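One structure coming up, written as structure tokens, with questions to follow.
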Amino acid sequence: QEQEQFFPLLVFRTGPYAPSGVPWANGFVDYYKLVNARGGINGVKAVWEECETSYATDRGVECYERLKGKNGGATLFQTMSTGITFALTEKAPGDKIPILTPGYGRSDSADGGVFEWNFPLTGTHAASADTQLQYVASLVGGLDKLQGKKITLLYHDSPYGKEAIPILQKRAEMHGFDLSMIPVTHPGVEQKSAWLQIRQNRPDFVLLWGWGVMNSTALKEAQATGFPRDKIVGVWPSGSESDVKGISGAEGYSAVLLQPGSGPDSQVVKDILELVHAKGEGTGPKEEVGEAVYMRGVVNAMLSVEGVRAAQEKFGVGKTVTGEQARWGYEHLDLTQEKLDALGFHDVMREVKTSCADHMGSSWARAYVWDGTRWKLASDTWFQADMSILDPLVKTSADAYAAEKKLERRRADDCQS
Amino acid sequence: MGFFLEALFAGLMSGVLYSLVALGFVLIFKTSGVFNFAQGAMVLFAALAMARFAEWLPQWLGFESALLANIVAFLIAGAIMCVVAWLVELLVLRHLVNQSDATLLMATLGVAYFLDGLGQSGFGSGIYTIDVGMPKDPIFVLESVFPGGILLNKEDLIATVIATALVGLLTLFFMKTTTGRALRAVADDHQAAQSIGIPLNRIWVIVWCVAGGVALVAGVIWGSKLGVQFSLSTVALRALPVIILGGLTSIPGAIVGGLIIGVGEKLSELYLGPLIGGGIEIWFAYVLALVFLLFRPQGLFGEKIIDRV
Amino acid sequence: MSYINPVNCADRPAGAFLAPQEAGQTKKIGDVILDVRNISLRFGGVKALTDISFDVREHEVRSIIGPNGAGKSSMLNCINGVYAQQEGSITFRGRTFKHMNSRAVAEMGIARTFQNLALFKGMSVIENIMTGRNLFMKSNLLLQALRLGPAGREEVRHREFVEHIVDFLEIQQHRSTPVGQLPYGLQKRVDLGRALAMEPKMLLLDEPMAGMNVEEKQDMCRFILDINDEFGTTVVLIEHDMGVVMDISDRVVVLDYGKKIGDGTPDEVRNNEDVINAYLGNSH
Amino acid sequence: MSNQDIVLDVNGIEVIYNHVILVLKGVSLTVPAGRVVALLGGNGAGKTTTLRAVSSLLKGERGAVTKGSIELRGERIENMTPSDLVQRGVVQVMEGRHCFAHLTIEENLLAGAYTRRDRGEISANLEKVYNYFPRLKARRTSQAAYTSGGEQQMCAIGRALMTNPSVVLLDEPSMGLAPQIVEEVFEIVRDLNAKENVTFLLAEQNTNMALRYADYGYIMESGRIVMDGAADELRNNEDVKEFYLGMYGEERKSYRNFKSYKRRKRWLT
Amino acid sequence: MFYRENGQLKTSYQADQQIFPIAQDRWAIIGLVLFAIVAVPLLANEYTFSAILIPFLILSLAALGVNILVGYCGQISMGSGAFMAVGAYAAYNTLVRIDGMPLLLALLSGGFFATVVGMFFGIPSLRVKGLYLAVATLAAQFLSDWAFLRVPWFTNNSTSGSVMVSELQMFSWRIDTAVEKYLFCLGFLIVFAVLAKNLVRSAIGREWMAVRDMDVAAAVIGIRITYAKLSAFAVSSFIIGVAGALWGFVHLGAWEPAAFGLDRSFQLLFIVIIGGMGSIMGSFFGAAFIVILPIVLSQTLPALGNLVGFEVSTAAISHAEFMIFGALIVWFLIVEPHGLAKLWSTGKQKLRLWPFPH
């Protein structure tokens, strides 16, 4: 009897956000295929099943209920949506299933002392915001030069979009820049007024915190109102190829991408092309392999697999692990650069090490500039979120959550890593 | 003041674009009494067809000219919309003669779902571009009067001209042709119209075809502004307050309504929005329309609602 | 034929549902109950009514006749408060109004039927007639939701009343049919039933017999006369069938183009030159 | 009467509404060319349904002909659209007027000319209609919804005449009309019949009138034809006299005087 | 032959006014309710509860409310999602802001605030009619979308704008498991269904229907149009509000305004029209149809695809789902414009006549 490890996938291949959702999901699936082609997780075969959420929370909940018991039980859930993360955060502890939200999810869930089952590995939205601002600072010559600058945050009006606000406000206070915020209503095709406001305010930078069609619309409106694109800086959900490809005014726009960025030249991409696509088993079109959002899917899948591998080391190599055991794995991830390089992720991402208190691990990000045909690295600098700023915010928020839910922080003996 | 004018122009121009979508609603409602919720889906579907064929044709046939590709794609998309019209009549409307407003409305919602699904599975669910060579850059006028000048958008200006022309053309068609009267008769009473030999089926195909054409033009203009993607169908939601404000049955109403809503929502967003948190334009448009309705329940130019006992 | 002739209706089932006023006795025409003074009604340029005055006495059957478009229905609409006349006043049982308000009119005891059937199509016969009783139903929303004591009892009481009307109008077997499915003639009866349920002092009937054959008209006349005789309900009747009008009314008003051209007993009206020219034609 | 002369031949049709309500239970009738045939009967007998079946307007009412055949000049027409029928000269004036509420009277009439192409003919027809109904001419610019019931009835008939029909299905034309107008309408029927050889199938409650103007009559009750015959024959039939003409012996009985007890029609069970 | 009402004579009007005057129906319903309370918890698995039954119950409840307004009173509303949202957020606020607030009261207060808001948005209905009103009700929808996103007070200043409720407890009953949640919702549904049924067969129900069918005539027989319309808005939004609170509290646990967006409003309207306007029963049929259909489609289509030998991608399935869903709606409307409830009663009528045709 072959051992199998089940990875449910909550995807959105239709609806307003499909342009980002499709390559993201394809990256996931291709990587699991690659894992199996490379012989599984210590011989355990990865199996997966997709469930379409259309990025809607209630459908996500239905998918969760449907998949959580299938194929011997779900190892984990990756929600691919902030809204679904919020809903599942309430449900998963009861079912003892970890929730992985690499690069997104709720920022306060980095605090493993309260959020036992959430893993915003490799960075949260708060980290995104912080690294984004650091990049802007580097453009003007340092954080101290931000003094008196005008920065406008143009954000998707949803829980996702709002995650950035506390960090930026804190930073504004610290560095004395002038922060103004303009919400954009879902799905984001109506931004005329927003850009007229921007034109009126003439900010030094616009931080684009968009999702789906909102991004390309923003860039088009920027062109239509004559706002220079090299003064617009996005985050990873605003930094995929589909956001900029074919948009005439997108050149010069830059985005700070929490790892990974786009990685067409990486080893893992070559492997996928060779071991999966070349055999005619590729999930999507070949051209998208290596694109930014696609790589996100690949890295997300890799993290889910590596957690299982870590858990196997404790609970039995070559055996299927349960969700609860997998959680131990995610809490004890130690992906060193060598390990990552061996997996083919050289120059795609940097090391991640989690602990029971720190469910995020690290928050490396790099800035890319769209040159009209591809994302180019803006510089080789890796940014990392300033934890001295993040931590207090995360802790306050997590404590508030714990208080509301009447949860106890995990005791020290339960938390020894 | 400069900013105010800028906002005003922006409002007027988005207003014209709303009118264009609203026109599709009005045409169908006026002539068949159907409140066509699928109009948004039709805009998306038409735009998708146009965008994709413009992309595919050069690949399939191996030619270069973007102009040619655009023209042929436009024609193909137009033809597709007429086929859609024909199918809608054949499979839906024909079987729902004489049913209540609510039933017809639901049926068009069903059509909308169908078109959304068909469009995405046939043409893909990515973001596609329509490039009909519209200039994207802004121009600034009156720079000597106001610092920074007043921003105008060439693309918007061209779209405004096209929309105005189309509206004018359709108004003529309805006023001057004998068909116009038959169309209105159908809207009033399906059965009576049938009884005097007005062929409902053909009339509906024609009207839906015209509405499909309007959707195509709207789709091309909006699509080239915003990109063609699933969310394009939401422009229909922006056009709804326009038609109730202008009156469901009035072509001039669609235009005047569009202008009022366009200006109203831009000014509200820019002047009122920052005070109460922003993002208010969509509900503001609806509330504005609602306030107008309280004074004229049939909209500004709509036909009076007749109650007799 | 004299108009105070009593009708022999001894073999009618005793319609005990309305408090009968000296049932079976010789009909007594009473005082003026409704007085319409100088009514003018315009719709834009159309003068529907011009300076119309007439009165209705208690217990009588008062007909309004006139060519199509003369303004008969509009007259009823003014009395009902559906239309608001520009000029003139309406006095009902001593109270004078510039404009009538539908609800108040109903409360004062004026009920009506409609020319083009205004039944509630989605409801059954019983439910339609029950709506006429709503005026008298007092329990509040919460009680109705819970159907506790008084609400349930009230419902039963009124339902009983309505069953009497159903019996009276002989539509028992259609009780729970949706009215939309009934033939036209029966719908007219339901319309009458709904008005009767309001226990009206005065009943306004707008062409109750249009589209009926002789037999059905006979039935309808019988109902109208029974209501009038036995319960003393005053009836204002609009009708185009001169046979019916001349046979059953006590007095007749004739309108033409919104103006009053005649008023009097059937015989007087029948012989009025203006009326003959404008309306009756020579065959009658 | 040879077969050639029969314009309309309805043969044993059954009609069901809503898949369950059986309304016509095998109705057969023939309408010869150039005649006026009356279809009489009480409320709910199925007259309207029969006319709808002929003019193909059943579908909109969720009704269907499930048995039997209908032929127009030898051609089967059950599955034609109403507009096909209008093209072939058959037009129905619907019960309850159904004017186009938002159109003016004149627009209503012109809408009736939809199938006509010849402008001269259309304006001649319009003149003709205005001649028949001067009242319509006076109200030509009012919206139909705001005209009185009688005016609407005239408008509906006039509108049908605008199609230049050879067969007119008239459903209760007298309903709600002032006596003079009723007379006029029937005169117009006779006129059109005589001068333009238009065939009429007339559903009426006003038996008296109908039998005066018709050549032949069918009496329907509960979805069946219970009696038929030439008009004067029917007029002299005792039952018809009593039940449909309100005559007792030779006298018309006053509506004021009759017993509530009545003889039941013997053809009703 | 089995479904006969012969011999069931009513001897009092009381008997005739029962909700189900035919004995077979009455027993069937009692049986069904017992089945739902006793047998279902034993038979269904957790997935069925959380993903199918609970949403079904809550949406039925909401549809009940919508049906009162749209089906009974004839005021087409496309803003029902907004009233659900008001219910959910109001219940949330009463719960978190008032110490020791019992769950039941919080849920009902959701209904109460929804009533207030509903009546406010009902005011235009006094002047505006039909489709104009329908579109105008969207104002409520967009206003609520905006308010709950942008006014931090409503979300108790939650930074993300997402709120959550934990630990449902009524008296000493902790509502934890899916079965308990199911029973909890079922209780609400049964109570409200009975109340709603009582209302629609009482004086007020007849007033609503009268206003729907012919408002001028209604006014003439003394029905107060204003009262009838506003009370329909009030009752309907109360029920919708409670349903919204349940949706947030019981089904989702954590939610954001998008949970009550425009799609939800349309969904409710769908349920009512597909199920049958002006039919309490129809609300259940419609909800079952709308909740179960997409799930069935998404589960069976891949299997069907495999049968004919190709793998159907998730995207293709969900596109097919859109198309089939749309097509089915149209198909149902064509087959029976008056909804599943009408289909059901026609079926019963045939059964009654069976084996004799017509």
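Which chain is which? They are A, B, C, D and E, in the order written, and residues in each are numbered from 1.
Methods note: a residue touches a chain if its C-beta (ideal position, glycine included) is under 8 Å from a C-beta of that chain, and two chains touch if they have at least 3 such contacts.
Chain labels with UniProt names: B, E = Branched-chain amino acid ABC transporter permease; C, D = ABC transporter ATP-binding protein.
For clarity, every value in this text was computed on a predicted model and none was experimentally measured.
The chains in contact with chain A as well as with chain E are B.
Taking each chain's centre as the mean of its CA atoms, C is the chain most distant from chain B.
Judged by contacting C-beta pairs, the busier of the interfaces D-E and C-D is C-D.
Rounded to whole angstrom units, the spacing between the C-alpha centres of chain B and chain D is 44. Chain A and chain C, compared by their mean Cα positions, are separated by 75 Å.
The mean-CA centres of chain C and chain E are about 42 angstrom from one another, to the nearest whole unit. The geometric centre of chain A is 37 Å away from that of chain B, both derived from CA atoms. In chain C, the residues that reach two or more other chains under the touch definition are 73, 82, 114-116, 118.
Counting partners per residue, chain D has 21, 146 as the residues that reach two or more other chains. Residue positions of chain A touching 2 or more other chains, listed in rising order: 13-14, 18, 22, 157, 183, 185.
Contacts from chain B toward chain D in the complex involve residues 97-98, 178, 181-182, 184-185, 187-201, 249, 303, 306, 308.
Interface residues of chain B facing chain E in the complex, by the touch rule stated above, are 35, 91-92, 95-96, 99-103, 105-107, 109-118, 120-121, 125, 237, 240-241, 243-244, 248, 276-280, 282-283, 286-287, 289-290, 293-294, 297-299, 302, 305, 307, 309. Those residues of chain C lying in contact with chain E across their complex are 80-82, 102-103, 105-107, 111-112, 114, 118-123, 127, 130-135, 137, 139, 141, 144-147, 151-152, 155-156, 159-160, 163, 194-195, 198.
Against chain E, the residues of chain D that register as touching in their complex are 16, 18-22.
On the chain B side of its complex with chain A, the touching residues are 3, 6-7, 10, 14, 120, 125-129, 131, 136-138, 140, 151, 153, 155-156, 225-227, 229-232, 234-235, 238, 265-266, 269-270, 273-274, 277-279, 281-282.
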